[in-house]
Every structure is written in structure tokens, then in C-alpha cells.
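Below are two complexes that have chain A in common, paired first with chain B and then with chain C.
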Partner chain A sequence: MEDKLKTTDGRSLRSGSFMRFMIVVGIYFAAALFILLGAVLQATGVIRGFLSVQNFINIIDTVSMLGIVAVGMAFVTYSGNMADMSVPTTMALTGIVAVQMLQYGFWPAIGIAIVTGLIIGMINAIVIGRFRANPIIWTLAVNYVTMGVIRLVWVNKQIYPDTVASTAGVSQSFDSIYRLNVVQHIGGNDLLNIRLPMLMMLILVVIGQFVLSRTSFGGQLKMTGASFRAAKFTGVHVESVIGLAFVVCAFTATLGGLAVTSLSRVGAWYNGAGYDFRAVTAVVIGGMTLAGGRGSIVGVLGGVLIIGLINNIMTLLGIPTLSQDIIRGAIFIIVVGINAKSLRSLGRDDT
Partner chain B sequence: MTTPNLKSNRSQVLPWIDRNRIFLLFFVILAFMTAFAPRFFNPFNLTTIMSTTAMNACVAIGFSIVMISGQLDLSIGTVITLAGIIGLGLQPRFGYAVSVPVAIVAGCLVGLVNGLLVTKAKINSFIVTLGTMTILQGVVYQSTGGNSIALSTPVAFSTADFLGKKLMPLVTPRILVTLALVAVFELVMRKTRFGRNFYMVGGNRNTAWLAGIGSDAYIIGAFMLSGLTAAVGGVFFAMESAAATQNLGTNSLMYVMSATIIGGTAMSGGKGGVFRSFVAILTLEILYDGVILFGLGNEVKIFLAGLILALVVLYEAYAVYKHDKVVGQRPYLLKELAEAGVKKG
Partner chain C sequence: MKRLLLLFAVLALVAGTTFGQSAAAKKNLEDSLKVDVSVLKAADNQPLIVLSTEKKVIPARPANPEALPETDPLHWYDMEYAGWNTKKVNQPKSPGDGAIGKKIIFIVHGDHPWTTACILGAKKVADAYKIQFKALSPNWDLAVQNQMIDQAINERPDAILLIPLDAKTAPQQARKINEAGIPLFLFNTLPSAEAMNYCIAWTGPDDFGQQRKLARVWADEMKKRNADAKSIGVAYVQHAPGGSPYYARCWGPMSELSGYAPSVNTLIKDAPGFDADKASQVVGDWLTRFGPDLKGIFAADDSAQAIGIFEALKKAGRNDVVVVAAGNSRQGMDLVKQGKLFAITYQTAEGDGALAVKTASDWFNGKPVPPVSYIPQKIITKANVDQFYPAQW
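So, the complex of A and B:
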């Protein structure tokens, strides 16, 4: 049925499943090249300690929170709204709210944090989905407002789980959001250090991939992202489809925010800073086009892993974290440029 | 053929208010602060307001031109920082005669790179400038090692004194530079063909192409002007204040973007003006100054700045949403039908 969807010059309207498969393979091939680069650098003695199981687990561990956030960001990009710039302060706000609410116990704190995140998502959903505000400028504005709320409510202060929590056990539960060793928890040995965020990232990737490629919401999202007008005239309820994408993004940002806050053991307004740019980078390297409607969550996972490998190699080379921004920014622009160019040469550029 | 003039008084007043909202807002807020804020209306405070606005007002010139051309420049904040650091960092060895032009040229170069990537590599301006912003952050950190650069030579101190000295009431040399730039660019944007073409490119690129305007050149030009004004704002601010810090321009993006949008420069391009953005910057600064004078903290100012931006973006989006709902409807036909006695429905 679907194969009959063709343009007048015979091009398939579906980018064939083989093509899509090859894009994902390409991303993981790039990741493999970076592993090869690391191996060569280690073999020539430039860096040490790259090729070890522990290092690879560390790499995944460091990017696991980025991966969680990137899954939600991918939904927004897929829907054709480029990026949700309110992610950093959504993470900070939900984290600090959770810490503050630890006085009422662990699960209430998590619940209230998630509700807070969903409220931000709903606000974005209404304004961008229904009123068609410019997504970048609106989410930037929300980012600043949320920042202002945090600054205003907590008067520039940071709060610590162990001083707020009702009992030591509650504070410990909050710390273990990031630190819980899943393998050990279910009775395995503690040699393999698989932490909870890693598991969350993998689960979210599986769910996200399933939703995008197998559900009607995923199909509608693809259509809305590929062509807003076409989707609207076909009868897709574009308002709620775009809105849902932003809610999903806020939800994953909340999970990421909880993990980041648990990692740093402090609720503060600067938690999550930089996650907007890094998540967009991961999404773009993962083969999703900013025009919307193309790409896959599995690819985004590949993008996240590539970022982790690049960061790891740069750190092992001894480049300071902030100077790594130069290389990250350059890679980001180059990847988007190549992506845009290859799409144009295929005649699929619709920006 | 004349179109039937059925516009009521109401429908002429509201658009007028909307067009000139920034000037009305300016007078309302100025009047409010004069009346209620303690120690607001005195020469010292007003000069403080003017010199605080001087940097962002300068940056807003280029940012507005980029928005008028239908693009977005997120890199202005880091260009400000970069220019400040170059301006002060090279001064001890080469003097301001070299370091200031170098800083400004660096700003232009960033703009050129942004413009080339947007027009030739055809990458969305949001992505390009997000990327250059990140790169510049790294460059700033790499070049300073995370420290701020302080004034060190006697020349630098005397220049700082000169830039902050009152020439006449309310005007210091640095404010004068900003006012001159605003005046020049306002005239260029309103009166010259070169300036009007930015509106054409931003309003409708196809029309601009049909009119024989090289859109690419204008977009590159807009980004270069944005880099130029951001660098000028940053370098003069750094020269007057004691040091160029790592986060010199961190908050500028939010303030400048809020002001530009409040000033009536459309997010979709083709609308707005340099002078409007300047008045908007001034209005916001008066508001923030008043907030501090009322004894409220910096966090209230940050919250207010974000809230104002959000409200204006929401208002603009809602106005477009409502306009889109009635677009294509012809009210005079409905009115004719009503006059002919045909009931609706």
C-alpha cells in the first residue's frame, strides 16, 4: 500500500526503510570510528586508559542524563519545532522542587517534581501548539521566566537534600536516583556498575523508538514535522500533536533534572546549564533533521554515544572542559551543514 | 477602484496604540517611576540609567537589523564578551589604537562567518549562532584561562575616566557613541535604499529576489552589523568599567531580545526599527532601575525581565493567531448582507 505513495517523477515519498536503516548504521559507524581513533591514540601512547570496559561504562554513565533529555528533545525536533530551549531551567526547577519537597517524603517529592515539569510542558504546548509562537523565542522566554522563578522563590540560594529531607533515609533515596547500581540491586555482582540513569536512558530510547515508528501518534508527528500544512489539511490535530511533543520533552527534562540534581546533591538554578545545546547536538548528530519529520530515536542514541566518546577522548587528551566547547561547536555546525547539504542534493530539503 | 471604507474609529485607534505601544509604554513607566520610585528623578540616577543602557542599546541596533532581515543572532552575548576581552587584553602591548579596531573587526568576522553559514551553507540561523556562541565561549575561556582581564596601564585608567565623564547633563562620551550609532542606523534603515532593502529581504525573500535584491548579501551584511555593534558595545563597556569578565555579555541576549520584540520588531522579519529598540531598552532599564530603587533584589529584576519577554511573545503570537482566524474573511461583504436584511446562518 504505502509503496504506491510516489511523486510524479517516481521518487518514493517514504524514505525507504533500507535508507533509514543505513542512516542509523552510518551513525554507529561514526561512533566506531571514534572508538578506533581512541584505540589508535592509545596504541601510539598519546592517551591512556581508553580501551577498558570500565572506561566505556563511564562514557555511557556520563552521557546517560544527556541521553534522557535528548530523547524528549528529539520529539520536539521531529515535530518540526527545532528545539526546546527551556530544558536547562526545567531541569533546574524540577530538581530544586524535588529537593525542597523531600521534607514530605521521597515519592511525594518525585511526584510534585514531575507535575512541575509537566506544567512547563503544558504551557509550551499551548503557546506553541495552539498559538503558533516562534518555538525558539518562546522557549527561551520560558527558560528565563523559570530561571526568574527559581531565583525569586529560593532567593539565589542552593538547597541540599540532607538538610531538607525529613529523614536520613529519604535523603539517601534521593541520592540513589543517580547512584543506584541496578545490577547489584537485582542481585548481581557489583563488578558491573550499571547505574539507574543508564537504564532509564535505554528504556526511554526503546519506548521513544516504538512510539515514533509504530504508533499513530508517531505517524502524525512525522507528518506534522514534515509538512505542517499538509498534516493540518489531512485532518491531523496538529495543535495537540505538537503540544504532546513539548510535554514529552518537559517530562524527559524532568527525569534528567532529577538525575542531575541527585548527582550533584544540590538544588540550584544552574543545574542543567548547557543541556539545551548538548541535547540539540546529540539529536542533530543522531541524524534528525531540524526541518522535522526525519530521523529516529535509535540514531539519537548513537549521537549521544558519539558525544560521550568525543568528550572522553578530549578529556583524556587533557583539554580543559570549557575549551572543549570550541570543538563541540565546530562539530555541531559541520554536522548540520553536511546534513543540510546531503538533503538538498537528494531534493528533500524543505526548510 | 476604492475599497469600501468601513473602518470604525475603534479599529483605527487600536492599531495606532499597537504601532506606538513602545513610546506609550516609555512615557507611562517614566511617569510612574518619577511619581513613585524614591530618588528616581535626579541627574545622577538618570545618568546611571543612560550609561547602563549604553551597551545593550548599542547591541540592540545590530540585533534588530538581523531580526528585521528575518534571522536570529544568539551569538551577541559572547561577541560582547570576546570584544571586551580582546579590547582590554591587547591594550597593554599595542594600545587602544590597535586593540579596539581589532576587537570590532573580530565582531564583524564572527558576523561574517554567521552570515556565510546561514546563506551559503543554508543552515538555520538559530543553529549557526547557537554553534558560534558555543565556540566563542570556548575561545574566551581558552584565551583567558577563566580569569577576567583588569585595566592595568595609566592610559587605560584615564580612558576609563574620560568615557565616564559627564560632557553635558546625562551624556558621557560612551553614551554619545551609542546615541550617534542609533541615530546613524535609524536614518540608514529609514531613509536609504540600502536600509529599506533589509525590510524587503526579511518581509518576503521571494519579492526581494524578484526586485533584484541579493538577499544573501543583505543577510551577511545584517550579521556583520550585528557583530559590529555587539563588539562596539562590549569593548566600550569593558573600557569604562574596571575589567572584562568571563560573563560580561551573559545577560545581554535576554535583555536585548526582550527589548527588540517589545519595540515591535517582528519575529518573522520585515518589521520594526532601530530607534524603537533603543526606546524599549531605555524603558526596560528604567523599569529595572525602579525595581532596585523600590528595594527589591536582583532576582526580582531577572524574574521581571523573563516575564516581560514571555508576555510580549505570547501577545504577539496571540495577535497573529487571531489575525489568521479572520484572514480571508471580508467584513464589508458580511455588512452588505446584513444591510440587505439577510440573517446570518
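So, the complex of A and C:
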């Protein structure tokens, strides 16, 4: 598949394995620079507590749910469809559905929530994959419709797992989606606080990276993202490939939604708000171009970690959240700008 | 002769109609006055409508409150005492014909379980008076709220009840409704003082007052746990910027403690929003930054923010931090019951909406309406939390 890609769209696929490796190295180098910055700030007494195992675990822990969502978002971006803006309400809806279904037990609730998420993914898949609807406009519309459904069905109320669950144990199981200490659970040291979402993020990164780089679906997705028309002429079933990317995104949004809902111990319409932009920011910082066909999931993990480090350093510096939002937005704009410029120099527009 | 007869007939018709209307209005007023909303109950089994029995002491206004430091309680004079010293402008006269059958439009600030409970409480009173009740929610969008106000004015209701989304934009909104000749009642959040000139009355929580009360309980506990400490470091997790809770739930306690407990020292404040994960990240980083110096946290929200705070404290292995929060959601009350949250404020959501409709109904009934009415202030701790179950939201 790689050979085909190079022959059909030589310019856009000029970067080979070495280039991809260098991009990933660059992202982790940037992460290392942020760690160095934190270390310097600590050494000069500006901040404290940065260089500690607990702080680094905290950083990864706080971005683990973002990482879960970003893996799926990366599939959409990689397919050349920029972003799935229905992620926030997919997270909210699947979370609230899971809580509501706890009356039938833990696993049925999880199963129904996943099916709900996949249905949203399938709708996006059909409309964007088959009918080529504008992905941003369409998924924004889906976001609004899903929000409307939540508001209509649950009348803006929030549902508590312990009031719905069939037994206290079922409620506790749902609670532990976010809180389960994996290390402690397998008999390890309880001081090493590795929670389930962190493990889920790492597993998804491994699977996502394998799928993108080692499977025929990954190759077809790369080709479709790099050049939709070339992929179509080569015989790739682009509708299915793009559709599957949205289904994957909905699946990871569902997992993220379950974790967020478990954390807040409440099913509510607002769970997941803001995850769309945050996930796209992580994907772009992680070296994936909005034009599609370039980047890696390992790079996206780097992007997620950079966001975690930036958040951590800014809070340790005492920068208010509102100012942090401006800084994160500015970083996004700069990265997208650099990305577009480098693509133009390669003969492609980031559009 | 024929003309004279016709004139008689017309006069008789007009007189009859007027008399008939006046009799109907009188009957409607009598029926409205018979409605007893004091028997209504909120979902938490507390009476739906209870007025604060505490007398609010209104000090003299300083010449320029904003020139005073933010830690001086009088710096917040125009917000905390908004409505008490206003000159009402262009106020419509009460029709005095009874609340039954009136049409009111109830515009809230946004979708939230609290708002759902607030609308439910308002609806209970509206139903008791057979008031046509229409609730609108702009979902936290000021531009949408302004559109909804225009829409409401066009519908010519008998009154508009409004939660201003932004304290500083409220005067423009209130003036517009006032100029349209529609009676306006503001409730829940405090607008800046000028908006009070254009409304008939404001109802809601004495947010500054109850946060000051909560601050004292908080400071007492922190001083008890840190008896030897010369300085007690605290942090504030703030409400969303713009509305009065942003000010009342941070500078309210902060300015109160500057006099009541000067040893309490503010280390940091921030408004991370209402996501548990974001609150957890911010507080986790504060714990890293300030370590054992951080002894107390005051949260503007006892639900998602409080959940996030306790996740961060758990990860850091800290159970010595005294956390208090505003509100009494189900999550907050559970945390109080578990002994995690030290105290929260009782803030009846249903009662808030109900009092606004009750005040408008009193005005339709021709009763005198005070310019400001507060819902009661209560502090909920582990000792009394059971009285407040089940939660309203």
C-alpha cells in the first residue's frame, strides 16, 4: 500500500518512515523542552513541586480522558475530514444512557452506551462518507440535535448512578471506571496511582498506532486523507474508509464519555463540553495535519502530553484559566499556521 | 328620538361592559387572594416559599465604593446592596385585578439541573394561580437572552421575570423591558445597581450574605484544625465570570475574612468552569504548588467542582484541607454526609423560582411588594444534612 501511495500522490506522500519518525521525535523533543522549562522554573524558585513523580502522574492522569478522545479524533483528521464536532454530545449522551441503564446491571449499561455511541458514529459515517457532507457543519448539526435529544428526554435533569443502579455494587462498578487504581487492583503499590483511564489511553494509543501504520485500513485511510480522488481512482472504497474513521471516533468518544460521567458521578448534558476543540488541539500539536494523511497516533499522544504539561506549568505559575484558554488557542493557531506553511512548501494546501 | 334611543343603548352597553369587567376583575382578585401558596412543598419536603427572617442591615454607601480595596466589604456595596437604595423609574401601576389568568414569561440564564428545579418551583406557584407560564432558556448565551427579551416584549405578557445573565448588561435589558411598559421582576442573580431602577422587585438569595456566613464557619474550622498557625493559606474555585455569583462567592468570603479572620490568607483564586476534570486538574496543581500551606478551599459550586476538588485531594493523599462550597446539590449533600465537604449553603432552587412568581402574583393582587426579598440562609453541615434530603437537583 505504501508503494501505491507514493506512486499515486508522490508530492503529498513525500515524507517516508524516517520523516514520520522525525516528526514524532520533534513532538517528544518539544515535550522534553516543556519539562526542561518546568525544571528551570523550579530551580529558579518560580514554581515548586514540578519535578516529582506524583506531579507527572497527575499530568498524565488529568489528560487521560482527553487522550482517549483524541485517539479517535485523530482517525477523523487523518482521513482528511478535519474534526468531529459531535464528540461533546456523544460523550454526554452515552454517559447519561449508561447511567440510566444501570438499572439493568453494569455490563448491559456499558453495552447499550457503546451501541448508542456507535449509532451516532454510523450516522456521521453515512452522511459524511457516502454523501460527502461538510464534516464540520454536519457534525456540528449532529451535536445540536443530540443536545436537543438529551434536553428533551431528560428535561435538563442530571441522573445519579446510585439512584438508578440495580444494586450498590453496580453503582460502585460504574464509579470505578474513572477511579479504579490499576496497580493496586493487580496487587501492586497503592502509592502508584495509575487509574483505568490512563491505561485505556495507552492501550488505545498502541492499537491506534498499529491500525494506522500496520493494517490495510490504515494505509487506505492515509491515502484517502492525502488525496481523496487519487484514493478513489486506486480502488479504495473511500466511503467506507471515511465512515469507519467516524465510527472509531464515536467509539473513543463513548469511552471518554463513560470516564467523564464516572468521574463526575452524574449523567448530565454538559459532560464532555469542550472536548472537541481540546482533542483537535492535541491532534494538531501531535503533528497531524488538518488536511489529512499525515501524522501518527504516537505523535498525538505527544500532543496530549504537551497539553498536560502546558496546563500544569501555567497553573503552577498562577496563570488564570481564562488566560490559559487564550494561550492554548494561540498555540493552536500557531501550530496550524506552521503546518499550513510547511504543507504549501511541499506543494499541498492545508485545506 | 331614534338617535336618542341609540345613544342610550350605546351608553348602557358601555356601562354594562365596564361594570361587568369591573365585577369580573373584582371576582378574579377575590379568587386570587384566596389562593394559598404557603402550603406548597419543594422536592426536598421543605416549604416551597419561605422568606428570610434575617434583617439585612444596609450601611451608608461610601462615596466611591470601587476605590476601596477588594478585600473591603464595602467595595462590593453596589452589588451586595443593589436594589435597596434605588430610585424606581417609569414603574407601571399594579392592575390590582388578581393574578389568576395572567401571562408571565420567565427567562432564565441557561440549562442546568438547578435551573430545571427553579422552573419547577416557579411552575408550581404559577399553576396555583392558573397563570399562563412560559419559560425560556438562552443556554448561557447573552446574545440569545437579549433576543428572548425582544421576543418576550413582542408577546406583550403581563410581566417578564428575568435572571440576568450578566450583571453589567442587566441595566440595558431592564431598561428595554421597562420602556416597553411591561412589568419586570428580576430574580436569582444580582444585577448591577442601575438595573434595579427599572424593575418592580428583585427576589433571590442574599448571595453575599450567605457566603459571608459560610466563610465564618469555614474560618472557624480551619482555625480549630490549625490552632498554632500564624497564617492559613486558602484558595477559591470561582463561579463563571460575569454573573454576581462570581463576585459574591469569592470576594464575599474574602472580604468577610479580612475582618473576621485576618490570619486566613488567600493564596490563589481561579475560575476553571464546572467540569470535574478541569477542577481536579487545577486543584491538583495548586496542591503541588502550595503543598501543606494550602489549608482550605472555598468552591462556588458544590457539585462538579466539589467532585473534582476531592478527586485532586484524594490523589494527593490530603484529608486535612477544609473544603466548603456554595449550593446544596445532591452531590454536595452526599459529600457533606460522607464528612468530606465541611459545609455548604442551603440554596433552594425551587424556592428561588417560586418566590419570583409569588412576588409577581402579589403585585397583580395589588399587595405592596418590597424592592428586595431574600430566600432564607442556612448552613448545611454533617449535623443537619439529613433534613435536606432528598435534594432538589
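By definition in this document, the second predicted complex is superposed on the first by the 330 of 351 C-alpha atoms of A that agree within 3 Å, B and C clash if a C-alpha of one lies under 4 Å from a C-alpha of the other, contacts with A are read in each partner's own complex, and residues count from 1 in each chain.
Note that a residue touches a chain if its C-beta (ideal position, glycine included) is under 8 Å from a C-beta of that chain, and two chains touch if they have at least 3 such contacts.
Since this is a predicted model, take the numbers as computed values, not measurements.
Because the two structures share chain A, they can be overlaid on it, and in that overlay chain B clashes with chain C. In the superposition on chain A, contact is made by A:N311 with chain C only, not with chain B. Of the two partner chains placed by the overlay, chain B and chain C both lie in contact with A:V155. When the two complexes are overlaid on their common chain A, residue A:V145 makes contact with chain B while staying clear of chain C.
When the shared chain is aligned, no partner comes close enough to touch A:S166: not chain B, not chain C. In the superposition on chain A, A:S342 contacts neither chain B nor chain C.
In the superposed pair of complexes, A:P320 makes contact with chain B and with chain C alike. In the superposition on chain A, contact is made by A:Q54 with chain C only, not with chain B. The partner that reaches more residues of chain A, of the two candidates chain B and chain C, is B. The superposed model puts chain B in the path of chain C at one of 22-30, 148-156, 220-228 or 382-390, which is 148-156. Shared contact residues of chain A with chain B and chain C: 151, 155-156, 320, 322. Those residues of chain C that touch chain A in the complex are listed here as 111-113, 115-116, 241, 268, 270-278, 280-282, 284-286, 288-289, 291, 303-304, 307-308, 311, 315-316, 330-331, 393.
Note for the complex: chain B touches chain A at residues 72, 117, 121-124, 126-128, 130-139, 141-142, 146, 254, 257, 261, 267-268, 297-300, 302-307, 309-310, 313-314, 316-318, 320-321, 324. Interface residues of chain A, counted against chain C in their complex, comprise 47-50, 52, 54-55, 58, 61-62, 65, 151, 155-158, 160, 193, 260, 263-266, 268-270, 273-274, 311-312, 315-316, 318, 320-322.
Considering their complex, residues 82-83, 127, 130-134, 136-138, 140-149, 151-152, 155-156, 277, 280, 284, 290, 320, 322-330, 332-333, 336-337, 340-341, 344, 349, 351 of chain A touch chain B.
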